[in-house]
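Across the two complexes that follow, subunit A remains constant while its partner is subunit B and subsequently subunit C.
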Partner chain A sequence: MNQLNALAGGLFILTVFGIVGLRQVIGCLRLFVMQSVLLAVSALILGIETGSIHLFAVAGLTIGTKALLIPWLLYRLLSHEIHARREIRQVLNIPTSLLIAAGLTIFAYFTVRPLLDINSSAFIRVNLPIGMGGIVVGAFAITMRREALPQLLGILTMENGAFMAGISIAPNLPLIAELAAAFDVLIIALVTGLLTRRIHRRVGTTRVGDMASLKEE
Partner chain B sequence: MELSMVLLIPAVAATLAGIFGNRAHAAAAATLIGTLAAFLLSVHITFGPALGVHGRILGLAGWLSCDYLSALVLLLVSFVGFTATLFSLGYIGSAVKAKGLAGTARYWVRYNLFLLSMLAVPLLSQVAMVWIAVELTTLLSVFLVGFEDNPEALEAAWKYVVLTCMGAAFALIGVLILYWGLRTSGAGEFTWAGLTLAGPRIQPAFLKTAFFFILIGFGTKAGLVPLHTWLPDAHSQAPSPVCALLSGVETTTALYVILRLLPVLTWIPGHPAGTWSVSFGLISAGAAAFLLLQVKDYKRLFAFSTIEHMGIILVAAGLGGGAAHLGATYQIMAHAVTKSFCFFAAGATLLITGTRKIDTVRGLIRTSPVAGISLMLGGLAIAGAPPFAVFISEFSIIKAGLAAGHYVIIGLLTLFIAIAFCGIMYQINKMVFGRPPEARAAYRLPATCAAALAVAAIPVVLLGVFIPAPLHHVLKLAAFALGR
Partner chain C sequence: MGAKILFNIVQVLVVMLCSPLVKGVLDRFKERVQSKKGPSIFQPYRDIWKLFHKDEVVSDESSWIFRFTPYVVFVAPIFVTLLIPVLTDYPLFFAFMGDMLAGGSILALAGFFATLAAIDTGNPYGPMGASRTRMVGFLAEPVFMIVFFTVSFVAGSTIPYIVQQAWITPLANFFEPAHVLVMLAFLMLIIAENGRIPVDNPSGHFELAMIDESKALEYSGRGAALMKWGGCMKFFVLLCIFLNVLVTPWGLADGASIGGLLLAIPLILLKILVFLVVLVAIESSLAKLRLFRIPEFMGAAFVTSVVAVVVQLIEM
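And then the complex of A and B:
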């Protein structure tokens, strides 16, 4: 079971790298769906192992909102964006970005290292560093990408990372908190999706990185 | 019971505003009555007998709770919520008419929902739920920030949502680690009260990591440097009544969460949480003071002043000790009432002159005495001139810090406050006095805007010279909640 979870975790961090390095929007969105499925798989494995009913709920909620509802929502709101065949513009080139992302993952591991020494099951040892890596690399993706939808996927990746860590370290959170968090992620996707559509209509582009009329002189 | 009522009122008002649809006046009336009721109820909760006897009110089977610190934030949110509604009545009408925008009814729905999320932050007792409430304050206000629907407003809204959601994800992992630490230490409820009780039994490594991430995460939302870049944009592009809410109280609700954690960590030797708070606070106050000097837009001027004030509060809370904590709660109150007034004055100026540029506004006191006097009053009060509340709170923080022997920190803080004072007064002075550029067609300020200015001016003028005894009592006990 532990090895299966480690496999899911390893694939998860690969999808996170993909969010930084992939050149096309539709590929990033597919990766995000895969990432969410892997999160659900990990939650399922942990649920079976610890016998916690909450984790099954998390797995179900993750599949329902992140793998089905959010992609559907984004397709409805932003289909022209998703099917754009152009390359995503970024601040640094892709190899450099990936190298920095790898460095950040190692950094994330060392930030949680003191916690692993105090209390850790085998699952926490896998999920916490990987989740933390997802958060840090997701934040990096937001700063690197100059377009709206990839930035949104960066935020959602950060949330996924937090949940990846959360299912191992806080498996008994009240169910209402998990429900509310799933709802919250859905609202993030809805609000940013709507906002992106409005920016596209009003400004004619979704390269939010190029919007720089507001700054200090 | 009262606690759930406070949350129910804006929910009902939002529903009513949604039902009324195109009859914008009905939606506005529902909001006005709702916010007034919420404010009166908050006054009742804060000064009522129940809080006085137990020091804490519980509601909804432990999901809601209210002690003096929550009551203070609740009171401020509901007060600014009411005055901002009053100001919105005239402002949104004029803005919609002038720019041909659609949807005042939608504005009122969003306004009520935003207010609901902000009222929920101090009242929720479960830490995980508080995180969700703070996140919702962002998500429910995004379209208020982008209300004017021009490229600048949408850019500001985008930066706002992306950066604060990024912060929220960092805060989420902090909250989860906090929960993990609490579980590892044995028992205890995952509420503010439970955490403070269990604090000394939790391993310091958990607390420190959790606090670090929550400080970064919610610090982003409170506008702490270097993650403040969204704040001047959002707080300058939103409609002025929304700015008053964003700058006056939304930042405070984010800071409230950080302040709540401080007493959980005070027992750790060396008090790392205090040190981090003081450093972040000083950096924010300093950077904001220098950035203030070069602004070209008067709403950005007030936005940078918000960053400065958040820094000062964090420094005071981090230094610790009863006197500094009292200064911090006093500053929270002074900031909320004064900054919201400043944004009303800025909104009135914007309505009259039609420009946000400092350079093009001259001789405001002749063009419009009401706006001119308000802007001058607001500028003096927020910059910290005596005899206004901000002066007294900053003075008491400086005094407390000196008494405790933090000479370097207080010296720097005083320097930053002085720089910010000069920066604000220099710009405001230029705008209020001098020769008006050309004879513009006389514009009469909507009566509700003037009324909002009058109501909001009462605490600004009064609290510097006279603090009612019950309010002082609340501030003192709220300060007590910041320490162990």
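And then the complex of A and C:
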């Protein structure tokens, strides 16, 4: 069980790298779905092992919102963005950003190291560093990408990372907090999606990196 | 003692004789997927046979390196065969002469000579292909290193026979995240090192776009046959390392009986067949990358292997 959880964790961090390094918008979206499913799998395994019903709820919520609802929402709102703009522009080139992301993951591992010494259950040892890595690399993806949708996926990746770490540290978090977080994320995706759509309609592009100066009318 | 010598010889013979078959099957599969009829699976044998009976033409401008290279390219995979588990799951004579790094360096030596020979003739396409191969090669190098580090972390050794045991005893080790990720990274390496599709198109005949093939353009007759055969054997050997050491270390002969050894031959061929189906699926569903996108592909492989190390570190 621990190995399966670690496997889900390893693939999870791989999808996080994919969010940084993939060129196609639609590929990023698919990776995000995979990432959420892996998070749900990890939550399920933890739920079975610790016997906590909350974790099953987390898994269900993750599948429901992040693997189904949010991708569907983004697909509906930004289908032009997804299909027409196949390649994403980046600030740095992809190998460099992948290397930096790998460095950040190792950094994340070293930052949580002291915490692991305090409480070293097998699950925490896997989930906490990987979740931390997800947060850091997700933040890095936001700075790296110049398009609105991949930046949104960066935020959602950070959220996933936080969940990944959270389910191992606090398996008995009240359900209401998880519900709140899930709807929060949903609203974020909805608002950002609508905003991007508006931007696209007005400016004709969603390269937020190019929108450096304010314009008065 | 005598049996071990025999086993070693059988291993080398299997690699030498079955490797063109693997290439033939792969080509045939690919053509079938593209709904063509495809050549016979024994076509590589006929090609090699034909080339051995043709006259060899060597440029006056070339040096001894050009003539010497086909032999190095041909012999190098045979040496590697002695180091890795092809048919048996216990070490034979030379198993402790070198580890996976040694195998890698022997293959790299062959690659080095092939590069020199490509530059040697002065054919403009040779150096171009050679420098591109080097580019892919040096991008693949760090991935190789990290994969070996991960493997030695887990198994405490880089001798392939010991690594192989470490993955499957107990069986839970097989699902170790480091293992799965190393497998992924190594798969990408095999694709890059053998010039398969996302990196290079092996069936392309357009010299300007060639990476791997253009190095052997100048060879004819026996030289061409040896280069071709050597290439097939290199592919076979890499597949043996990948399948027998990393992915499916089952089905190898474990005793000293001849019957077990002979049974191991169809099993390894079966494993390779399954892998070829996967490879054809990959090759048929992807397009060849532009040359300057190759670093991204190798970057992905590198990150995968780094993640393998990190996850392994976390667990320890």
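As a convention for this text, the second predicted complex is superposed on the first by the 211 of 217 C-alpha atoms of A that agree within 3 Å, B and C clash if a C-alpha of one lies under 4 Å from a C-alpha of the other, contacts with A are read in each partner's own complex, and residues count from 1 in each chain.
Please note the rule applied: a contact is a pair of C-beta atoms (placed from the backbone, for glycine too) under 8 Å apart; a residue touches a chain by one contact, two chains touch by 3 or more.
This structure is a prediction, so every number in the text was calculated from the model and none was measured.
With subunit A as the common reference for superposition, the partners subunit B and subunit C occupy compatible, non-clashing space.
In the overlay built on the shared chain, the residue A:Leu69 is in contact with neither subunit B nor subunit C. Using the contact criterion defined above for the overlaid structures, shared-chain residue A:Val33 touches neither subunit B nor subunit C, since it reaches no partner. Once chain A of one complex is fitted onto chain A of the other, the partner contacts of A:Asn172 are limited to subunit B, with no touch recorded for subunit C. In the superposition on chain A, A:Gly10 contacts subunit C only, with no contact to subunit B. Centred on subunit A, the angle reaching out to subunit B and subunit C in the chain A superposition, using CA centres, is 150 degrees in steps of 10.
In the superposed model, A:Ala139 makes contact with subunit B only, not with subunit C. Once the two complexes are laid over each other on the shared chain, residue contacts for A:Leu92 go to neither subunit B nor subunit C. Of the two partner chains placed by superposition, only subunit B is touched by A:Leu115; subunit C is not. Counting the residues of subunit A touched by each of subunit B and subunit C gives the higher count for B.
Closest C-alpha contact of subunit B with subunit C, superposed model: 18 Å. The contact sets of subunit A with subunit B and with subunit C never meet.
Subunit A contributes residues 3-4, 6-7, 9-11, 13-14, 17, 21, 23, 94-95, 98-99, 101-102, 105-106, 109, 125-126, 129-130, 133 to its touches with subunit C in the complex. Touching subunit A in their complex are the following residues of subunit B: 126, 128-129, 132, 135-136, 139, 142-143, 146, 149-152, 154-159, 161-162, 165-166, 169-170, 172-173, 176-177, 179-180, 183-184, 190, 203, 205-206, 209, 232-233, 236-237, 291, 294-296.
Interface residues of subunit C, counted against subunit A in their complex, comprise 172-173, 175-178, 180-181, 295-296, 298-300, 302-304, 306-308, 310-311, 313-315. On the side of subunit A, the complex with subunit B involves touching residues 111-112, 114-115, 118-119, 131-132, 135, 138-139, 142, 148, 151-152, 154-155, 158-159, 161-162, 165-166, 169-170, 172-174, 176-177, 180-181, 184, 187-188, 191-192, 194-195, 198-199, 202-203, 208, 211-214, 216-217.
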